[in-house]
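One chain, subunit A, links the two complexes that follow: it is found with subunit B in the first and with subunit C in the second.
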Partner chain A sequence: MSPAPLLRKFLIAVGWSGLGLVAIAVVLSDFLARAPAGAGHVGPILTPPSSLFPFGTDQLGRDILSETLHALNVTVIHALPAAFLAIAAGSVFGFVAARLPAPIRLPTRWAMGVFAAVPSLLLAILLIGLTNRDYAAAAAGLAAAPLAFVRVFDRARVSANSAHAAYARATGIAPSALLRRDLAYEVRDALLVTAARAFAAVTIILSTVSFLGFGAVPPHRDFGLMIAAAKPVYVQAWWTASFPVLSLLVLVLLARLAAGLDEGERA
Partner chain B sequence: MTALLEIDDLRVVRPDTALPVLDRFSLTLNPGETVVMLGDADSGKDIVLCFLDGLSARGDEFSGTIRFNEGDAKQAARKPRPPFTVAYLPGTASRPLNPRISAVSQLARVIARKLECPRGAALAEFRGALARLAGAPSFELLDAPPERLDDVSLTWALLAAACATAPALMLCDHPFLDLSPSVAHTLTDALLAEQKRLNFAILYAARGPQSALRLGARTLVLRQGRIVEENDAAHLLGGQTHAYTQALFKALPQPVVDKPQRSSARGEPLLQVQGLGLNTPLKKAVRAKDALSFELRRGASLALVGEDGSGRRALMRAVLGLERKPGRILFDAVDLNLLSEAMTARLRRRVAFVSSNDDALDPRMTIWDTVDEPLRAHLQLSRDLTAGYRDAALKRVGLASYDGRRTVASLSPFDRRRLMVARAIVSAPLLVVVDEPLRGLDAVAQTTTCDLLMDFRAEQQSAFLVITSDFAVAQALADEAMVFEGGRVVERGQIRNLLANPKESATKALVEAAAIRPLSQAPGAV
Partner chain C sequence: MWRFALRESGRFVLGLFGALLMAAAIASLTSSSHGLIADLAAIVTRLFAFLRLDFGASAISGADAAQELAAHAPVTLTLIFLGLALAIVLGAPFGLLLSSAPVRRATAPVIQVVSAAPVFCAGLALAFVARKFLGWAPGNGEFPPVQQVLHPDQSALRLVMMPALTVGLAGMAAIQVALRRSASEAQGEPFREGLRRLGLSALEIDRAYVAPMVFAGLFQSFGEVVAALLSAAVVSEWVFKCPGAADLFVKSVALHDWNVAALILFFFASIVLFANFFGRLVSEAIVSVGRSA
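Right after this comes the complex of A and B.
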C-alpha cells in the first residue's frame, strides 16, 4: 500500500483513539476534576499555572483545569445529540431525497443548497432566536444539516446515475434492492466519517454561539462560555482562555482526524 | 543501410521486483521500418517504449548498450537522448490529454515543444498534418475538450500531432486499441501512408496479433520481459513456434465463410421489437422507413453489427430498458413499456448483460455479493443453495480460486468480465445481451472470454443478442446479424451469407476490416 493511504489510516486511528480518551474524560470528569463545576475561590485569583493549579485559576479563583474538564463534559454532551440531528436531518434526508422523483428532488436540492450557502453559525443563531437557548444543541444540529445533506445527496445521485446502477436495473435488480445496497455501503463506508465530521462541525457551532452569549447557560459552562468569561482578563492572564481554547482545538482536531481530515462542514 | 537505432542486450531492473522487467532485449530498427512488439500487459513492451521516450521510472537500473544512427554504442541509461525527433502516439484509453482543455491547444503545445517553434507555427503544422490524413475530422471539430470528443476523433488528432513533428521514430503505444476493426484499419492505413511520406520508423506495441498483421511487419513476441519469438507477421500467421505465440494467435477471431450453420432455433419469440424509432423523439410517430422491427426466438442468436454511433447501442439500451424509444418492445410477449418499474424488474431478472464497460459492476461489492445478488433479489433460496450456485458459476469462469471477499474494484478488466459471465450464469437467463465482450482485453483473455460465452450459450440455450463492430466476434457468438449504419438497419441475414456476399458498403467495410487475410484465402473458403 502506498504511504498516503497508510498515513491516512494512521491519522484516522489517532483521531478515534483520541476521541475514545475524550469519552473517558467526559464520563469521569466529576472524579477527575478537583473542584465542582463553577466552584469559586478554590485558590487565589488569577494564579498562573503551577504544580498546584496546572492550568492556573481565573478572576473568581476557579481552578481552570477543573473548569476545562467540566466544559469538556458539557460541550460533548451537547454536541452528541446535535451531531445525531445533523446526520438524521442532513445525511439521511439527503440520501432519501436523492431517490425521490425529479419534481420533488430538484426543488429540495435547490432549497438545501441555498441553506448550505449560508454560514451555519448564522443559521444556528437564527434558530435559537426563533426558539430559545435551551434548544441551542438542536439549532446547531439543524444548522449543520444542509451541508451534510448536500454532500450525501450529491454522492447518492452519482451512485444512482452510475454505470453499475444502470447495469443492475438492466438485469432486473429492483429499485428498492438498489436502495438497500447503496444504504448498506453508505453506512459501512461513510457513517463513521460522517459522524466524526458532524461532531466537529456542531462542536464549533455550539462553542461559538456560547461565546457570543446565545448558547450554554451558567453554571453549565462549555468551552465557548469559558473563553467568553476570560475576555476581560485575557491580556493580563493568558492562561484563562488559552487552556479552554487548546482543549477545544484538540477536540475538533481529533474529530477531523477521525473523519480522515476530509473537508468537512464548517461552522 | 545505417540502422536508426540498435539496442543490444538491454536489461531493466526495478527496485521493487525480484526479476528484471526487461531482459536480454535486442532490437535493430532501420529508417522507415516497422517493428511490432506483441505481448500482454506485463510483457515488457511498455518498458521499451518508456525507455526510448526517456520516461523510465526513477530507480530503474539499466544494463546493455544503445546506438543511434552512426554514433558510438553507449551504455543504456534512464534518458537515452536520441539525436532525432521521437514522436509518441498513445491510445485514447490511457487518457493522454487533459479532458477539459481543447485537444488542439494541448497538442499544439506538444508540437511547439518538439519542434522548438512558436505556437502559431505548431498550429499550422498540426492543421497541415490533419489535412494530409485521409478521413480525419476537421481542425475546427477537434478544437474542443477531449471529454466532448469521441475516441475516433481523438485518435485522429493524436496521430496528426505525432506526424506533425516529422519524427524519425514513432513510438505507438496501443494507439488503436478499443476501436472497431474498420476504424483501426483506416487509421493504420493513414499511419502507413505518413510513414511512407516521412520515412519514419515505427515501434508499435500491441496486445493482439491483429495490429501486427495489419501492419505486415516484423514482430517481436514478448513474454515476461523477454523476446520469445521473432518473425514476420505473415510467417507467424502461418505457424508459430512458441506456445505463447500460439496462444496469442489462437485468440485471433477470424470470420469463416463456410462455418457450419448451427440449428436455427424454432422456439417461441422471446424478444419482439416492433416499429422502434432509434432516431425519433419519444413522443413523435416513427416514420415507416425509420421503424425497426425484428424478433429473437428462444435460444436464437442475433448480432447487431456496426460502427460506434451507428445505432446498435441505442437499440441495446432500449431493449435493456435504460432508454425509452418510440415503438414497442415485447419480452416474453409482455410489452415492457406498459409495466410498472417493479414489474419490469421482475421480467428483467431473466435478462443477463455482459458489458465491455469495466465500471458496470459495483466496485464496492465483493465477488460473492456480485454473483449472489441476482439469486438474492429474485429467489428465496437458502444460504447453502445460493453458495452452491455461486461456487459452481465461479468455477465455470475460473474465479473459484479467488478470495470471494475481494472487492470488484481490486479485479482486473478480464476478471470483471468473467465475473459478469458468472453472474449471468447463476441468473439462468432467457436472454443474454453481450456488448463488445472482447474489447479492451489482452489476446489470451479474449480467447478465454470468447470460449466462456460460447460454452455458456451451448449449455444454457439462452438467446444471445451480441453488440459488436467485429464480424469475427459476431460469428463466434451468433448465427444471424443486422448491420447498422446511421441509426438504421442496412442489411440483415445469416452471418455466413453476409460474409460471403455483402451487399451494402457498410457491410463490406465491416467484413473487410474483420478479415485479417482475404476471406477467399481463409481456411474453409468457398
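Right after this comes the complex of A and C.
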C-alpha cells in the first residue's frame, strides 16, 4: 500500500481514538471537574493559569478547567442527537428520496435544494427562533440536513443509474429490494464517515448559535456560550477564551480526522 | 450551451420561487394561527403580497421591511465583496500551490487545524490582534459608506479590515478547496498522457487544457463559496458590531420580527442561488470554449 492511503487510515484511527477519549472525558466530566457547572467564586476573579487553576479563572471566579469539562459534556450531549437527526433527515432521506418515483423525487430535491441555498447557520438560527433554545440541538441537526441531503441524493442518483442498477432492473429485481441492498452497502461503507462528518458540522453550528445567544442556556454552558461570555474580557485575560476555543478546535479536528475529510474540506 | 443555459435558468427561477415561498411562510407567522387552511391562506396571501413587492413592515421599527434591508444590505454586500476579493487574491494562488503533492503534504497538518476552527473563533482571534497589537478600538455599530471603502482613510480601514478579513478567510478556505479538488481531478485525466505523447510540453498542457478545467471547477463551486462568505458575514458582523443585514437577521429572529427576517432570508438565498446559476453557466462556457478550441 502506498504511503498516502496508509497515512489517511492512520489519521482516521487517530480521529476515532481521540473521539473515544473525548467520550470518556464526557462520561467522567462531573468527576474530573473540581467545581460544579457554573459555580462562581471558586477562586479569585481573572486569575491567570497557575498550578492551582491550570486554565485560570474567569470574571466570576469560575474555574475555567472545570467549566471547559462541563462545556465539553454539554457540547457533545447536544451534538450527538443533532448529528443523528442530520444523518436521518439528510443522508438517509437523501438516499431513499433518490430512488423514489419522479413525481415525489423531483419536488423533494427542489425543496431541499432551496433549503440548502440558505447557509446552515442562518437556518439553525431561524429554527431556534421559531421554537425555543431548548430545541437548539434539533435545529442544528435539521439545519445541517439539507446540504447532506443534496450531497447524498446526487451521489445516489448516479448509483441508481449505474450499470448494476440497470442489470438488476432488467432481471426483474424489485426497486425496493435494490434500495435495501444499496442502503445496506451505504451503511456499511459510509456510516462512520457520515456520522463523524455530521458530528463536526453540527458541533460548529451549535457552538456558533450559542455564541450568538441562540443555543445553550446557563448554567449548562457549551463552548460557544463560554466563549461568548469571555468576549468582554478576553483581550485583557486571554485564558478566558483561549482554552474553550482550543478545546472546541480539538473536538472538531478529531471529528474531521475521523471522517477522513481533506484539509479545508467543508464538514 | 443554449440548452444548458435554458435548463439552468429554469432551475434558477424555480429556486427563486422556492425561496419566495419559504419567505412567505416565515412572514405569515406575523398573523395568528387559525388552523391549517387559514395558515395556507395566509402563506398564499403573503406570497402574492411579495410578488407585488409588498414585504410588510418591521415589528420593531415600524419601517418598511424593504427599507430596513436597503439600509443594512450595503454593509453585508461590502463585506462579501471585500471578502471575495481577498479570498480570490489569497485563496487562488494558495489553492493552486496546494494542488502540488509535496507542498500539500508539508502544509496539511496546519491547514487541517485551521479548517477545524469555527469562523467566530477566527473573528475573535483577529479582534484580539486588532486591539492588543494594533491598538485599534472596537467598532461601535458604525461602518463606512461604500465610497469611503473604495478610497479608505485610516479610520475606515480600521472599521473594515478585520471584518472583511474574517469573511475573506472563510472564502479563501472554500476557494482553495474548490481549486484543489478540480486540480486533482485534472491531474488524473488520461488526456495528459496522450498530449504528452503528441509532443506537447507539461506547461503547454497545463496552460491550454488543464487551467480551463481547473477554473471551470472553481466556478462550479461558486455557490458554495458565496454561501461560506454569507455564513462568515453573520459571525463577522456580530463580532465586529457591523450594522449589516446578517446582524439585522439575527436581531430580527431574536425579537420575532418575521417580516424582516423573511425578507433577509430570501435576499441571502437569492444571492446563493444566483451564484450557483452564474457559476454553472461560466463553468459550462469555459468547458465548451475548451472543447471547441
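Structural remarks
One rule holds for everything that comes next: the second predicted complex is superposed on the first by the 261 of 267 C-alpha atoms of A that agree within 3 Å, B and C clash if a C-alpha of one lies under 4 Å from a C-alpha of the other, contacts with A are read in each partner's own complex, and residues count from 1 in each chain.
Assume a residue touches a chain if its C-beta (ideal position, glycine included) is under 8 Å from a C-beta of that chain, and two chains touch if they have at least 3 such contacts.
What you are looking at is a predicted structure, and each value in this text was computed from that prediction instead of being measured.
Of the two partner chains placed by superposition, A:A102 touches none, neither subunit B nor subunit C. Legend: residue contacts after superposition of the two complexes on their common chain; A:D262 is shown touching subunit C, with no touch to subunit B.
Judged by the touch definition given at the top, the superposed model places A:L121 against subunit C, while subunit B stays out of reach.
With both complexes placed on chain A, subunit A has more residues touched by C than by the other of subunit B and subunit C. Judged by the touch definition given at the top, the superposed model places A:G213 against subunit C, while subunit B stays out of reach.
After overlaying the two complexes on the shared chain, residue contacts for A:A170 are found with subunit B alone; subunit C is out of touch. Annotation: subunit A has no residue touching subunit B in one complex and subunit C in the other.
On the subunit A side of its complex with subunit C, the touching residues are 110-111, 113-115, 117-122, 125-126, 128-130, 200, 204, 207-208, 211-214, 224, 227, 231, 234-235, 238, 241, 245, 248-250, 252-253, 256-257, 261-266. Here subunit C touches subunit A in the complex through residues 14-15, 18-19, 21-22, 26, 29, 98, 104, 107-108, 111-121, 124, 127-128, 131-132, 173-174, 176-177, 180, 223-224, 227-228, 230-231, 234-235, 238, 246, 249-250, 253-254, 256, 261, 265, 268-269, 272-273, 276, going by the rule given at the top. Within the complex, the subunit A residues that touch subunit B are 162-164, 166-177, 181, 185, 189.
Subunit B meets subunit A in the complex at residues 320-322, 341-342, 345-353, 355, 357, 359-365, 373-374, 377-378, 423, 427, 433.
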